[in-house]
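Each structure below appears as structure tokens.
Next come two complexes built around chain A: one with chain B, the other with chain C.
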Partner chain A sequence: MLLFTLKRFGLAICVALTVSAISFGLLYMAGDPAVAIAGENASSVDIAAITAQYGFDRPLLVQYADWLGGALTGDLGRSWYFDLPVTQIVTDRLGVTVTLGALAISFALILAIPMGVAAAVRPNSLIDRAALFLSVVGQAIPSFWFGLILIVVFSIKLGLVPASGSASWKHFILPTVVLGYYATPAIMRLTRAGMLEVLSADYIRTARAKGLDTRKILFKHALRNAIIPVISLAAVQMGFMLGGSIVVESIFALHGAGYLAWESISRNDLPVMQALILVFSMFYILFTFLADLLNAWMDPRLRVG
Partner chain B sequence: MTPARMLLGSTCLALCAGMANADQASGTLNLAFSKEVETADVYFNTAREGLLLNHAIWDGLLYRNPETGAYEGNLATDWTWIDPTTIEFKLREGVTFHNGEAFTADDVVYTVDYVTNPDNGVKNLANVMWMERAEKIDDHTVRLILKAPFPAAEDFLAGPVAIYPDEYYAEVGPQGMGVAPIGTGPLKVAELDPGKHFVLEANEAYFDGPKGASAIGRIDIRTIPDVNTQIAEFFNGTLDFLWNVPADQAEKLEAMGRYEVVNAPAMRVGYISMDAAGRSGESPLTDKRVRQAIYHAIDRQTILDALVKGSSKVVDSACAPVQTACAQDLPSYEYDPEKAKALLAEAGYADGFTIDFYAYRDRPYAEAMMGFLDAVGIKTNLNYMQYAALREQHRKGEVPMTFLTWGSNSVADASAMTAEFFTGGPQDDARDPEIIDWIQQADSTTDKEKRAGHYKQALTKIVEEAYWVPLFTYNVNYVLGPDIAYTPTDDEIVRFFAFDWK
Partner chain C sequence: MTHTPPVPPVREVQPSPRQMMLRRALRHRGLLFGGAVMLVILLIAIFAPLLSQHSPYAQSLMARMKPPVFLGGEATHWLGTDALGRDYWSRLAHGARVSLMIGLFAATISALIGSTLGILAGYFGGRVDMAVTFLINVRLAMPVVLVALAVVALFGGSLTVVVTVLGLLLWDRFAVVLRAATMQVRKLEYVAAAEVLGASLPRILWKDILPNVMNHLIVIFTLEMAHAIILEAALSFLGLGVQPPTPSWGLMISEGKEMLLFEPWLITIPGVALFLLVLSINMLGDGIRDVTAPEGRN
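Entry: the complex of A and B
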């Protein structure tokens, strides 16, 4: 198990490094960072001064090595845009994103798993159709539209929740629903498929034959097996929710890490981008790793690896 | 904004005939920025929002009265040009900064010395590099020494050049100022969360200057990037004022009859720049007749009426009409596709040609222009890219034809636009020695008439040679909540201190 963990960790570092090197190069290809820092109103004199000040005239490799050296010693540098330590900005913004991501994935699981189970128990029934409908809608509605419609109904018309911001728990209700609903269809379909497969397995038939309580069969025997791929999927979705909540964060003015990443690209704020890419890839790897551990705990057959 | 989003905005507007409740009772005016301001230190940010904070928190030596366009004393009460490179200021007495520090000549000297020192890395160098240094005569008299005669000095001193407290700034530097700003202005910072949230409070001790004290006690500014969310908050009464509202949504808000919508011109001008000097290689655009044909081919008025709307105007000047020395009685080219075709035929392009066309914003405008060009036989390949990327390519001289805009940093002087693009710099596509010479002459004389004359010569030749196709001025839609009194100005600066309750 220790070797397994170390291997996975080493792989994680390699992935993070590769991603950071590629993104570093891509960001430079996207445009002169000095022009981006100087802003739209800047004159030519300003741009020349910034190029010299930040050392953009040095070879790309030297600049990357410079950044890497800092990152390895825990110094992620200063944001070119905010002129604040990158660590400070990223930690500040991660809080909102992690909260939102955790809430959204919980919402998705709570909604999707019972729906998936119900749909699998009575395939092609009204419940199954309703679940299918919900998941198609969830997949099809663009989140910026869904978000605004929720704002119109629950904030403007009914006045139940605030429209934007992150000041209280109430502010998180609508974004959680929007982001969570987006992850629901995949989880639900996978739960349904897994359950259908498991329910037709021999051991379930045996369990039924020996007269075991239906609820016990469903939740103790069937779901426990069907849920294994769902856990892996949820881990992937969680990673997606951290980096991919840009639209939701922007609509609800949440100022999280996803929105920060998006904005940092257009600002060419390389130190922040690099740090976020590093953090996101680490999170992603961490979640898949945790999912593996959880799966191994639930299914002894997987503990071999 | 994507078409889908625009459609959505309309849906939102149609559904949201909700209730707007007043914030007058709480005494707080709620506003929103659309972008995250990098720092509150005005010398280290380039955002328009930063300029708005500048006017609220700090003061300049002078103030430009937005109604008359005249310069008035602000932190200075009186000023005289000793010679073309020296201005002497009598400073206002009894002024204190928000932290209690007294305002004296030392603050002016310190600010000028700090911002003009290239080692300090001020971002908008063009705003300050015309100043050489400042000299203290006594506690309330100071002389500003210019590097060369600079007729636009007054506008810069009334705009971007804010005076900082010397002791405080020496102690905290730009990073400290960025998170805890201290100025002399009518509003002071009560709370600041970088990029996200600003709370301003009226400066009770504000001096009796031309800006006037803030009638509103507390102003809360949040960053809400999505314009539809801003409108939703506005309907909820949790925002009291919106600006930069897209034309279609402003029209619908106005039609609701509950809100006051004011459209005011902005200093931003849209234009097509053509590579007349042939920096990007041999192209039809080095032929004057081709450039004139393009000028004739584009129906600017129709684009304005259909898309830009509001108080925008078609211009032929390579600067905004509101700017000093920006002559408007210039030659022009009427919309005439037949004449355009004839000119193209004369230049040997009877069958037209294909060219790369670059743009970075307002894609519908760019596509309209492409349609007009197509009608006279000029096929364009649109390269739509990020501003930074386009500007870099343009500076390298690799862009044959591009639709750009320029906002002049709200500096109300033609030099802030014309001189930036026609004095041989990296973004000068014309490289016309005569124009370069005229502008240089204009910018080294303090004789206002002579200067205006030189600018007119330059602007006239830009049209005659069709180096640019100046298009139109931009405009801004301001939407006021039911209990807000405010008169928007035509310099795109929202004066937070000038708001009042009805």
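Entry: the complex of A and C
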């Protein structure tokens, strides 16, 4: 287990370094960053001054090392737009996004696991087909459109929940549904497949044969084993969700990190963009790392290799 | 009728694999539905200029926000007009071209990248496999929407930029699936036979491996095409995809958003179109998987 952990940790670090290099490189993809900061009407003297001030004249590798060193100590540079530390701006907004992500994944799990179990208990039944139908349809609904439709129905027509903002818990209801439903089909299908496989296993037949209560068999014996891959999928989905929160947050004007990303893009605030790409990637890497560890811990067969 | 002609003896002809596949396809409801809807949208996209009497760009201040026929509008603009008086049906039909083109080209780019990586990793294993797996991990760690938005913001929103960035981002599933599929095919005897006979590496990959992982490739292609279409719509919706006045469904939803309160049909129509297109592509893909998968054969 220790060897597995170390190997997996090494991989996570390598991936993190590569991603950091890419998000750093983003700054230079569109040309001279000094020109971008100075604006369209800047003189060459201004540009030279900015180049010197920000250190853009140093070799790229040195700049990257400098940025990476800063990132490791929690210093991600200064925002071009606010002239404030990027770390402060990002951490201020991250809470909303993480809350939204946690709510959305909980919503998806609460919806998907019972549906998956019900579908697996009676394959090809009405419930199974309904669940399959929902998952096929659900995957085809664009989330930004779904969000707008929910706003029309629940905020405008029915007046049940606020349409935008992040002031109270009520503001999180619709975004949670929009962000969460997208992960539901995949989790449901995996739960169903896992349950189907486990339910045909010998030990379930034994449990049935010795007259164990069906509910006990389902939830204590079968679900426990079928849930293992679901947990790791949920972790991966959570990583995707944080990255996908940008669309949902901008529809509902939820002031989280995703909304910040959208604002930073329109403000041409590259340091904040860089930091956000880095932060979202790190979340994903962390979640998948933890999920793999959890899996290996629960299922020793996975520790090899 | 006293005389009946002699019934010719029924000959037991074994249907060819192709015929068997066709029969399975014709029995598959999802495949037929998906295929039919997709075909209709494709035809609308191809014949968009013929099907619409108005230009998708022609503005008319006199005819702004006319409701569609089913909400009491007139037949000349049967799906109504938008806030600039442009014919909604014409924009929808031309928008189908944008969606389909972006889906096709982006999925083609990702298919080329992803399947090359996946097949090489699956065939060679070892270090090649490690390198490819690492690349897949790096790619998965990057938030797609965020990176795509940043790149579009830096390079400007045009069809080419959107297609390229989506193509460069969506190859991961091709690589993952084709890697696994190639690993299985690689173990089969005819690959070993080809190797022993001295077939060159490109020949083995092209003639022995690729045809046998093709069904996976097609299925992922449909999935990623749908994925690219949804992402383009989302990017355009956020204002960082295809730029106005190009008719894009995402852009139409974004423009209709302003009138959400009074004219909800402005976002409903392109939204339903987007939903139907993505649904039909996904159902087509699921159907192809069911029909071509060896385990689906009786």
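As a convention for this text, the second predicted complex is superposed on the first by the 232 of 305 C-alpha atoms of A that agree within 3 Å, B and C clash if a C-alpha of one lies under 4 Å from a C-alpha of the other, contacts with A are read in each partner's own complex, and residues count from 1 in each chain.
By our rule, a contact is a pair of C-beta atoms (placed from the backbone, for glycine too) under 8 Å apart; a residue touches a chain by one contact, two chains touch by 3 or more.
The shown structure was predicted, so the numbers you read here are calculated from the model rather than taken from an experiment.
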(message) Which partner chains sit in contact with A:43 here, chain B, chain C, both or neither? Use first/second/both/neither.
(response) first
(request) For A:126, select first, second, both or neither according to whether it touches chain B, chain C, the two together, or no partner. (result) neither
(message) Quick check on the superposed pair: does A:263 touch chain B, chain C, both, or neither? Answer first, second, both or neither.
(response) first
(request) Using the touch definition from the top, say if A:156 reaches chain B (first), chain C (second), both or neither. (result) both
(message) Applying the document's definition of touch, where does A:84 land relative to chain B and chain C: first, second, both, or neither?
(response) first
(request) Once the structures are superposed on A, label A:2 by its partner contacts, choosing first (chain B), second (chain C), both or neither. (result) neither
(request) State whether A:148 touches chain B only (first), chain C only (second), both chains, or neither. (result) both
(request) With the two complexes superposed on chain A, say which partner A:72 touches: chain B (first), chain C (second), both, or neither. (result) neither
(message) Once chain A of both complexes is superposed, is A:209 in touch with chain B (first), chain C (second), both, or neither?
(response) neither
(request) State which residues of chain A lie in both footprints, the one left by chain B and the one left by chain C. (result) 30, 142, 144-145, 148, 151-152, 156, 250, 266, 268
(request) Using the touch rule from the top, collect the residues of chain A that touch chain C in their complex. (result) 11, 14-16, 18-19, 22-23, 26, 29-30, 136-137, 139-145, 148-149, 151-152, 156, 239-240, 242-244, 246-247, 250, 261-262, 265-266, 268, 273, 276-277, 280-281, 284-285, 288
(request) Flag every residue of chain C that touches chain A in the complex, lowest number first. (result) 30, 134, 137-138, 140-147, 149-151, 153-155, 226, 230, 233-234, 237-240, 250, 253, 257, 260-261, 264, 267-268, 271, 274-276, 278-279, 282-283, 286
(message) Per the contact definition, I'd like the list of chain B residues that touch chain A in the complex.
(response) 4-5, 8, 11-12, 15-16, 18, 35-36, 38-39, 44-47, 118, 121, 123-126, 129, 174-175, 178, 194-196, 222-226, 228-229, 232-233, 235-236, 238, 386-389, 391-392, 395, 407-409, 420, 425-427
(message) Using the touch definition from the top, list the residues of chain A that touch chain B in their complex.
(response) 30-33, 35-47, 49-50, 53, 81-84, 89, 142, 144-145, 148, 151-152, 155-157, 159, 162-165, 250-253, 255, 259, 263, 266, 268
